[in-house]
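Each of the two complexes below includes subunit A, the first together with subunit B, the second together with subunit C.
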Partner chain A sequence: MLFLYNIIIVPIIAILIGLLFLGIARKVTARIHRRYGPPVIQPYFDTLKLLTKEDNITHGVMYMLGPAIGIAGSLLTLFFIPIGKYALFSMHGDLILVLYLGVIGSLGMALGAGDSGNPNAAIGVSRGLSLMLSYEFPLVLAIVGVILKYNTTSISAIIQKQVTSGWWAIFVIPLSALVFDIALQGILGEKPFDIPIAPHEINSGPMVEYGGKYLGMLQIFASLHLFTELALFVDLFLGGGANIITFSLKMLVVFLLAIFINAIMPRFRMDQAFKFYWKWPAILGLISLIFVFI
Partner chain B sequence: MLESFRGGKVARWFKGRSMWLLHFCTGCGAIELPPSMTSRYDLERFGIIPMASPRQADVLLITGYLSVKTLKRVITTYEQMLDPKYVIGFGSCTINGGMYWDSYATINKLDYYLPVDVYISGCMPAPDAIFAAFLELREKIEKGEANGYKLYKIHYERYKANQDKVFKNRGIIEGED
Partner chain C sequence: MKTYELFIGPQHVGITGNFSVILELEGNVVKKATPNPGFLHRGFEKLMEMRGFIHNVPIVCRICVPDPDPNEANYAMAVEKLLGIEPPPRAKYIRTIVLEFSRIASHLFTFGGHAGSIGLYTIPNWTISDRDFILDLFEMLTGGRVYHIFIYPGGVRRDLPDGFIEKAKDVLNYLEKRLDDYNKLYFDSYMFKKRARGIGIINKEDAIEWGVTGPNLRASGVKADTRKDDPYAAYGELDFEIPVLTGGDAYDRIMIRRMEVVESIKIIRQALDNIPDGPIREKVPNPMRFIVPPGDAYVKVESSKGEYGYYMVSNGKDKPYRVYIRGASMTHGIHILEKLLPGNYLADVSQIMFSLDVCPPEIDR
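This part shows the complex of A and B:
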């Protein structure tokens, strides 16, 4: 019973917190721009409005299934990541599984956008997949550093070892944490890596033909995606959390760092982003691996 | 049940608090939009942000005079937007032609070709006037009076006839289409 309860309650909490974080991001960005900014709960208004809009277009079956696959992939990832004390599925090797599952959501969105037949969407999808290829390499280097340091591939065991030793991994292997944080900027699609969704160049990229309830589902997907990736960072480097509140606060700190960088940076070109990711974070990640071996 | 919720009071309240503009600018009125979006006035505090694609937008701003050539694109854009959608006529050019009232290349009354929910008078309307218009549109949406998109469906024959007439005249003048 408790298991089923968790399966229903955890995604709802994740969506609500993710949407709240998107609202905080808009408010903080506005304050940095010296504007007043929208209310913090603005993404709830937006999502509910989008879900109540009528739809008078369709672009095929995959166009409709794309957002659903995205949400399903994100939910699946969410169940394997311990959130506070909730660890729904915890087993040996789930860190490697999470690395694979994390891609499904973005691929679902890419499939849906590809079916919409808009050239801007096709450019956005190709840029998104190239960006994924760029940040996955430093991401894997950072995670391998964590795995070697704690000699386990279970996220719960990594949290347990951090809590018992009293030192969070961000103090033990700071370089790996830095590399993961740089990769996180690309995963979340914040500037300077918001190349796939560049509203000024390619009309918001993959979402260009999405509207109404499909865009609302993509909002929900974005909030879930945000939540899972931040939760993974907090679990691996900040020692998890005793309850959902401290866990959310740690996630908020990580997210605010990304937002501050987002608010003041311009955008990379695709080749610049690729070169950046395969150069500096990769070198830092390799140095971190050497430190872990010694 | 879903249908009654869609047009219901709660849904209308959310719609009034999240109006997404289409980033589509005609004429000189567009120059008043950057001041109203940036730090001094900040449209975003009412939940109003510009969107890049017509599928995502709720509000179509006709910012200023509309040449016949642009009218065709505006109509295509308007028909691509998802219901419910609203049109704001911006400046005196959309009301009676303004200073271009006798031009051969512009239309005079926007209401003949597209259903307009709110007009902003003036040439140019200041950001304060734009805010007043958006708040009026929000009030209309909450009361369920912003029904331009429904009128467009009901009176489509009339709108279509007016549009065809102006496109035909343009063909005679410029020898196109």
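This part shows the complex of A and C:
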């Protein structure tokens, strides 16, 4: 019974915290821009308003299914990631499973956007997939570093070992943490890697035809995606969290770092981003692997 | 490989104003670009033939929205040339101050546009808010923030109000301080150099042949500036440099504007310090019957976009027979864009457009 209860409560927490983080991002960015910015809870209002709209126009079945697949994929990933004291499906090899499942959400959005028939959306999707190809390599290097260091593929066991040893992984294998953080910038779509949604180039790319409740669902997908990826970082490198409060605070620190970089960086071109990811983070990741082996 | 068409229209974020470009793309690379103005044709040249000389002053400032004052100055100078009068020295100095402030405001706009086009959204927010201080000064001096309708044939409309000089100096000091912040975030940024270097190169010979003017020409290594070559207003009496760079790419076109802001601050400081006393208006005909002797005149000024020219023909009536306006963006926005865009990535299209500083109303006069 408690398990079923948790299955309902975890996504709600994730969506609420994810949306709150989106609001914090807007506020922090606004302060850097010397603006006031919207209230922190603005994304809640936006999402609720969008979800109450009726749909007048559609671009096909995939267009409608895309956001749903995105949310489903993100939820599935979420269940395998321990969040504070909630560890729903914890088992051996779940870290590798999370790597696979994490892509499903983005692919769902890519499918939906590709069906909308707008060339801007199509270019955005192709850019998004190329970006995924770029950051997956350093990301996998960083995760392999963690797996080798702690000699397990279970996220719960990794957290346990960090807590018992008293040293978070970010202090033990700092290079892997750095590589993961650089990859995280691309996963979250923050600058300098917000290439798939570049407004000045392709008019915000994949979302260009979305509106109404589908856009609301995409907003929820964005918040879930944000929460999932940040939670994975906190679990792997910052020793998880005793409860949801400390866990979210750790996530907020990681997220704020991403937001600050986002506010002061121009955007890479796609070829530059690819070269960057396969050069510096890859080299750092390999060096980290060598250190782990020694 | 299959090509497809992408419309970057007036609603697109990455366009400089009411203007559109139809791109033919092959994958990620532009094969053909067709600039397509015409969203903004208000018929300025024809309208001017139907109105009196003095009634045209509120029209001309609409020809370039971010930088309206060169139009007013140019129109006023053309009428003055036909009338054979010369504005008093104090009016010339006030014109210089207004023109240079307008140049700074327009360049701040361009920095914001270009930084936005490469994804650095902090700079547009900063520059637009800093530009507001200049607009405050305009409001104090002319009563208008965007359109000033201030420079009239024969002089200027109002004298400097009390406290204007001190306030203007404060704004200049503030802007100078802010330029350091921009340097840290934008002009010295590694990413800005990585994105903008070697994009949309115009070499020296092409620049001269294609009729590029203004900062874009000086970024290609040609030292040409109407303010120095053919001084008008008070520029002949002031000491300033013409910055020149030789790269001719998007990076140099932005950096030359940054150098010009420094020079403009220098010019305004000198003008504020050395402004002579005296009247601000020369005697002109009665506004109700503003008759200009027959003849024709071509007068040019240096706007923030490039060289502006007004060719005016009068047949001795109270309305101009014909006014032809040479807008710098006609060259930059149509011919140069068509030549520069093919071969570039889609990601750089907006950047090239903003670095050329295209002002669409100048194309559709």
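Rule of thumb we're sticking to: the second predicted complex is superposed on the first by the 294 of 294 C-alpha atoms of A that agree within 3 Å, B and C clash if a C-alpha of one lies under 4 Å from a C-alpha of the other, contacts with A are read in each partner's own complex, and residues count from 1 in each chain.
Just so it is clear, contacts are C-beta pairs under 8 Å (C-beta built on N, C-alpha and C of every residue); 3 or more make two chains touch, one makes a residue touch a chain.
All of these numbers come straight from a predicted model, not from anything done at the bench.
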First, second, both or neither for A:R34, with subunit B first and subunit C second: both
Which of subunit B and subunit C A:T52 touches, first, second, both or neither: first
Partner chain in contact with A:R267 - subunit B first, subunit C second, else both or neither: second
First (subunit B), second (subunit C), both or neither touched by A:I123: second
Contacts of A:P192 with subunit B and subunit C, given as first, second, both or neither: second
Which superposed partner A:N203 touches (first subunit B, second subunit C, both, neither): both
Touching both subunit B and subunit C, residues of subunit A: 33-35, 199-200, 203-204
In the complex with subunit A, residue positions of subunit B that touch it: 5-6, 11, 14-15, 17-18, 20, 38-39, 42, 44-47, 51-53, 55-56, 58, 80-84
Residues of subunit A that touch subunit C when the two form their complex: 29, 32-35, 119-120, 123, 191-192, 194-195, 198-204, 263-272
Subunit B-facing residues of subunit A, complex: 26, 30, 33-39, 42, 45-46, 48-49, 52-57, 199-200, 203-204, 207-212, 215
Residue ranges of subunit C in contact with subunit A within the complex: 4-6, 12-14, 28, 115-122, 125-126, 129, 185, 189, 191-192, 194-195, 345-351
